[in-house]
Amino acid sequence: MTDRFDTISFLSDFGLTDEFVGVVHSVIRSIAPQVTVIDITHGIAPHDTRAGGLALARSANYLNPGVVLAVVDPGVGTSRRPVAIEVGDGMSVLVGPDNGLLAPAVGMVGGATRAVELMSSDHRLVSLGSTFDARDIFAPAAAHLCNGVPISDLGPEIDPVTLIPGVLPVSREDHGAFVGEVLWIDRFGNCQINIDPTEIETLGDRLRLSIGDDHRTAVRCDAYDQIAAGRVGLIVDSSGLMSIAVARSSAATELGLREGSELRLSRFDDSEPSGISSPVTLTRNKDR
Amino acid sequence: MTDRFDTISFLSDFGLTDEFVGVVHSVIRSIAPQVTVIDITHGIAPHDTRAGGLALARSANYLNPGVVLAVVDPGVGTSRRPVAIEVGDGMSVLVGPDNGLLAPAVGMVGGATRAVELMSSDHRLVSLGSTFDARDIFAPAAAHLCNGVPISDLGPEIDPVTLIPGVLPVSREDHGAFVGEVLWIDRFGNCQINIDPTEIETLGDRLRLSIGDDHRTAVRCDAYDQIAAGRVGLIVDSSGLMSIAVARSSAATELGLREGSELRLSRFDDSEPSGISSPVTLTRNKDR
Amino acid sequence: MTDRFDTISFLSDFGLTDEFVGVVHSVIRSIAPQVTVIDITHGIAPHDTRAGGLALARSANYLNPGVVLAVVDPGVGTSRRPVAIEVGDGMSVLVGPDNGLLAPAVGMVGGATRAVELMSSDHRLVSLGSTFDARDIFAPAAAHLCNGVPISDLGPEIDPVTLIPGVLPVSREDHGAFVGEVLWIDRFGNCQINIDPTEIETLGDRLRLSIGDDHRTAVRCDAYDQIAAGRVGLIVDSSGLMSIAVARSSAATELGLREGSELRLSRFDDSEPSGISSPVTLTRNKDR
């Protein structure tokens, strides 16, 4: 039995106000003290498996080989399966609930090469209740994998095709325009959308952004600070997707966008006969 | 002088917005670079020694042997004593202010076997002010203990019976019912109460939950997702205590509970002659 | 090529809700797995380079020798320079944007001994967008420096005098009084001001604190808990600067102070002919 992995990348919806994250770190250290745990984030909104799955997918290309421990688990204690999913022929293993959370990241790295249900009582903690599987089931499994315990020792193999898929919204073309939605609003209020930069290349550098009945002019740019005051920018963000941004303020607040909001990008002149647009007047954030 | 401990578990009310936690980590690393620091949580409400003591006690069974550094310290700079408390005949040492914060955890692991007041000027930083003992006194003491400095070198021994006790609320029986209070509301709004699952076994699986003049039916269950919409669940939580929960929402918000709120659990039929109850209509969270 | 540094101290305005910080940790570990990363704080207000610079300066004396990675970068992707600044003849290197953020800390430790612009494509990640230089430029540079890559390999040398200075507000004397402003409000609501304790020694232990037209009596003290209820205290804080505090509550809330608020400290009796003052009645925080 040799050390197999030296890194656990950990994401959850636990927040940092309670001791949940610290206890999971402690459990990992008690089983596999040599392992480094990297906290991806614990700020996923409670129970939001979609947001957790997206954060994991955005991070996937940058995570170190090893174990990914991801827990957003509203069904904890029910019959939903606790699983370990091997990817890249063993380069990494994702550990968490089988509820779609892990699916986008698994897909990004080429799909599952093997999966097991975490049923081995030798690799769980004896638990006082059934509400904290991250502590009692997932963290011990992750730590034992790092110690070189074969994935097959953690429970019966399951067919990867039976894993719950992640449901990610896809954009669609509609008469030359593109209809998508907001995937993610970051701390700065930038709104990542599910429209690929290459899709909208034919629309030019100046586009029409429609949110319900509200129409704006959006200008493609390469840096947030290129966006003029009062204007809306479209920028290829760090995930390689389009983001809607405004200058040194929150686009989400300015435009009333939320995660899941639908929007439409079309040619600027489709509905502007003159091809001329007056500057967009944005409502500025009230000073807080 | 050999390395004595390799882990410091760190809890505070410092939050993560300021640099307090980072500076404490830096001080520890400058004295004992080989040590791993695990952050239990820094989200204890400012000055709330009771909440800090409870979080530490909930974590205690899972912490690694070593030093526990816990700082919720409204009396910093006054005559309250900075202390190190040895437990388990030296398996671990708790370092922090003598204000009741450490007491519940010390009690859980069998009580203090030794204690000292942190008076040694050789094991403190020279400080610019008297407001940050975590940096200047507690972190250095924790780091020196990890380096193998004997606890007796850190200051004069004090009698453990003189340590300030933690004052934890106890539940009481009242004509076959149990009166307790909310110990902790977690990120998900689950309300942990100071009533032991074994105490209420005689009350059956369907109980009456009274909060002031508000009476609800509470149903015992094993998983949050077993709780039907609009119902209140009672679940043995990850600490082995009873928690009040609702389905995928915050029980605290639904029921108007806060930490310290009093409540009463009694037989369901004590006040329901027919033994039949209409479904509880809960006020749903307004969409934010 | 030998290991040069073993610690990266990391500060940003990224918050902990998104995965930004976790991704930066992952990138560092992928290049320099032996390095320990200490998070100073990621709670700097978005784009607030002044607050970030102050937090870094307050921390500077306690950071471990090594690399300081600091990113508050509203101009990411524009022509503002990404830089590495050597201080203490190589004891540490600060890495981040050249926008004034690093300047106060550089000044505190004696100024830059060398600086380069981070232009080497060998020491950057290939990036999908231009919005996350912390991941693509700054973290790789920090990690390579730890691996012993000479600073001169990271890009062309630049003259330290061309680095953007930090603009820190200075206090001024005005007819024997001192006019300053709030530099920082911490989690507890204590208000650090830019007035040195030695400056106001001649004003005595009981001073007049003026905030606009609002005049209060402020009493010098050595511990927060020495401040009587309803009184305002002046205390030498952990940075060695004056802080305004109230007993177990937020001075910022009680006094309506914000970062940048101007205030004035003068002799108590300058405007109180009788030398007697009625107790200040503070508006208590409403119970939440």
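Assorted remarks:
As written, the chains take the letters A, B and C, and residue 1 is the first residue of each chain.
The rule we apply is simple: a residue touches a chain if its C-beta (ideal position, glycine included) is under 8 Å from a C-beta of that chain, and two chains touch if they have at least 3 such contacts.
Quick caveat: nothing in here was measured; it's all calculated off a predicted structure.
Residues touching across the chain B and chain C pair largely diverge in numbering: under half of the numbers involved belong to both copies. Note on chain A versus chain B: their Cα superposition corresponds to a rotation of 120 degrees, in steps of 5. Each chain gets a centre from the mean of its Cα atoms; for chain B and chain C, those two points are 31 Å apart.
Residues of chain B found to touch two or more other chains are 16. Residues 6-7, 9, 11, 16, 36, 38-43, 55, 58-59, 62-64, 186-188, 190, 222-226, 235-240, 243, 248 of chain C are the ones that touch chain B when the two sit in their complex. Remark: chain B residues 13-23, 25-27, 29-30, 33, 46-47, 74-78, 127-132, 135-136 touch chain C in the complex.
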